[in-house]
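Listed below are the structures to be examined.
Two complexes are shown next, each including chain A; its partner changes from chain B in the first to chain C in the second.
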Partner chain A sequence: MEILILVILLALGYFFGQRAEKKHFKSIIAREKASLTCPTVTMKTPPPIHNHELNSKLVTGSVVISIDYFKKFVASLKMLFGGRVTQYESLLDRARREALLRMKEQAALNNAFVVMNTRVETSSISKNSKRRNSVGAVEVVAYGTAISLGKKIDA
Partner chain B sequence: MKYTPVQPPEGINVAVEHPLKSFVILTAGTIALIVITILALGLAADYLVKYIPVEYEQELFSKDGMYLMPFATDDSAEGIQVKEYVQNIVDQLHSVSGDEFSDHRFQVEIANTNEVNAFAVPGGHIVVTKGLFSSIESENGLSMILAHEMAHHYERHPLRSTGRGLVVSLFLLTILGADGSSFLQGFIGNTASITNLAFSRQQESDSDDFASKLLIKFYGHASGAAEFFEYIQSEESVIGDIPSFLSTHPATDDRISNLIEVEKNNAGVKKPLPVFINDYILNI
Partner chain C sequence: MLLTNLEQVPGKKIIQHFGLVQGNTIRAKHLGKDFLAGLKNIFGGELGAYTELLAESRQEATDRMVQQAQAMGANAIVNIRYSTSSVAQGAAELYAYGTAVKIDQ
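And now, the complex of A and B:
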């Protein structure tokens, strides 16, 4: 009986997890393409633009994504033997890129042409949960300084 | 500085691999590891059991250890009379079984059930069911069954099964984890089910050999050795109760024909069962 429940949970996790992931990646790639004109960089100094004033604004994007039961199961087995936990890799990749995209959306609202000093931070949610089989989730925050052109300076 | 708007290629931060592949490999590997460990632990327990002194086994599985028994004992006056009679036969058989077994002590119990069965429980216990007496015609037939169970004890078969069950369930509890109550349930359930005696076919036929030899030693002949098995064979198609016995004791045709052969070569006069046995089985 317990095995049957496990199999059902794994099948559900696999089906919905894979579906959600495929859909998400598709949307991420399309949106990344659309927002290519506004680069996000880690440089701290703004580009030397002399004919305009530069406006700066903090922009953030955050996302929480949960892992599915199937991936969690495979990952916990993987942790017995070691090696690349590919199950978490795709989860974190999705979260990181989604957070950057959300940050850029906010930057676009400010008409920014670049986001400077971009930082990405990851934290784990429900890590301290006492239930061993609880499904874990990750939060990724991306933040940076959006730079937009201000008043024109007459030379 | 120049910025060229291109998207980085996919598959750098994420492995391009079918998710089911690692699932299959990891699951199969883990199951294989667990099975190998259980087999190794079982073999180790099996090997080490013979170094446990008989006295210690008896201490561990004294009267209190009888919780392993799946039936209630028959404590009526008739039951106790039968028990004393059977105990007496066991003691007499034990006295001729040889010096190397002198440290063994046996304790007979009569289980109050109509099921036809007899089994050896760790600690020198021999359990005979009430129903068993309807399957035999002579004291020799009864002695054969008793000698068979004694042979299991001499070869430490019950302790081996229990030890194996205990080690394996401890291992499973260690990796799966369990709280106190289910630990106890798991331990008792597992041990009891294994003590319900899944002896191997080899162990059964070895015990048959030993028992028929002991019978010849005691009575001077082997008549009655196959009595019980002939009964089982004849009742097999009639009663539904019998297969539970057969599942733990693979009564192959080989086994029966061997005993009939021994019986033929060592024929003699069978000793009848006392009258109170007939009275005892009347109320079944």
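And now, the complex of A and C:
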């Protein structure tokens, strides 16, 4: 009976998880292409623009993404042997890119042309902290300063 | 109040420093939402309720930092940083800090 439940959970996780991830990556790639005009950089020095006033505003984007049951199961098996755990790699990749995109969306609302000093921070939210090595979900927050052009200055 | 995580405000001059300002908030998980999140743990994907909760809490921490800066008479906060830490099981602390300054408008 218990094995049956496990198999059902694994199958649900596999089908829905795989589908959700594919859909998510597709939307991430499309949105990344659309937002290429506003780069995010980690530099701190503002661009040397002297004929315009610069407006700056803090923008943030955050997301909490959970892993599916199938991947969690496979990852826990991999942890016995060590090595690369691709299951978690794609989870974190998705979360970071999504957070950055949400930050960029906010920047676009302010007509920004660049987001400076971008920082990305990750923290894990484990659903069940009794189990030591369970990465239930990750929270990623991305923040930076959106710079937009203000009034023109006559030199 | 102008918020930025750069060390200066582009195009503006900092005329006075007020020192560190900070804001924090600690949030615990909601039981009902946690149950739904547990279900989502099977299928995978975004936990919308948590995203919202954490974004809200982070905003609150920021608001507290801004209040502190306003009380000092600052009109901008530079070099803002966010950090998250878990203090107890099922509770997270969201912390925002920065330097309160006065810029000439």
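Please note the rule applied: the second predicted complex is superposed on the first by the 148 of 155 C-alpha atoms of A that agree within 3 Å, B and C clash if a C-alpha of one lies under 4 Å from a C-alpha of the other, contacts with A are read in each partner's own complex, and residues count from 1 in each chain.
One rule holds in what follows: contacts are C-beta pairs under 8 Å (C-beta built on N, C-alpha and C of every residue); 3 or more make two chains touch, one makes a residue touch a chain.
A quick note: this is a predicted structure, and the numbers were derived from the prediction, not measured.
Overlaying the two complexes via chain A leaves chain B and chain C side by side, clear of any clash.
Annotation: apex chain A, arms to chain B and chain C, angle 110° (C-alpha centres, rounded to a multiple of 10).
For chain A, the partner touching the most residues, choosing from chain B and chain C, is C.
Contacts of A:Ile125 after superposition on the shared chain: chain C is touched, whereas chain B is not.
When the shared chain is aligned, chain B comes close enough to touch A:Lys33, but chain C does not.
For the overlaid pair of complexes, the smallest distance between C-alpha atoms of chain B and those of chain C rounds to 14 Å.
Counting contacts by the rule stated earlier, residues 71 of chain A appear in both its interface with chain B and its interface with chain C. Those residues of chain B whose C-beta lies close enough to touch chain A in the complex are 1, 3, 5-7, 10, 13-15, 17, 19-20, 22-23, 26-27, 29-30.
Residue ranges on chain A touching chain B, taken from their complex, read 14, 18, 25, 29, 32-33, 36-37, 39, 47, 70-71, 73-74, 77-78, 80-81, 84, 86-87, 89-90, 92-93. Within the complex formed with chain A, the residues of chain C that make contact are 2-11, 34, 37-38, 40-47, 50-51, 54-55, 58, 80-86, 89-90, 92. For chain A in complex with chain C, the residues that touch the partner chain are 9, 12-13, 16-17, 20-21, 24, 44, 46, 53-54, 56-58, 60, 62-69, 71-72, 98, 116-117, 119, 121, 123, 125, 127, 129, 136-137, 139, 141, 143-145, 147, 150.
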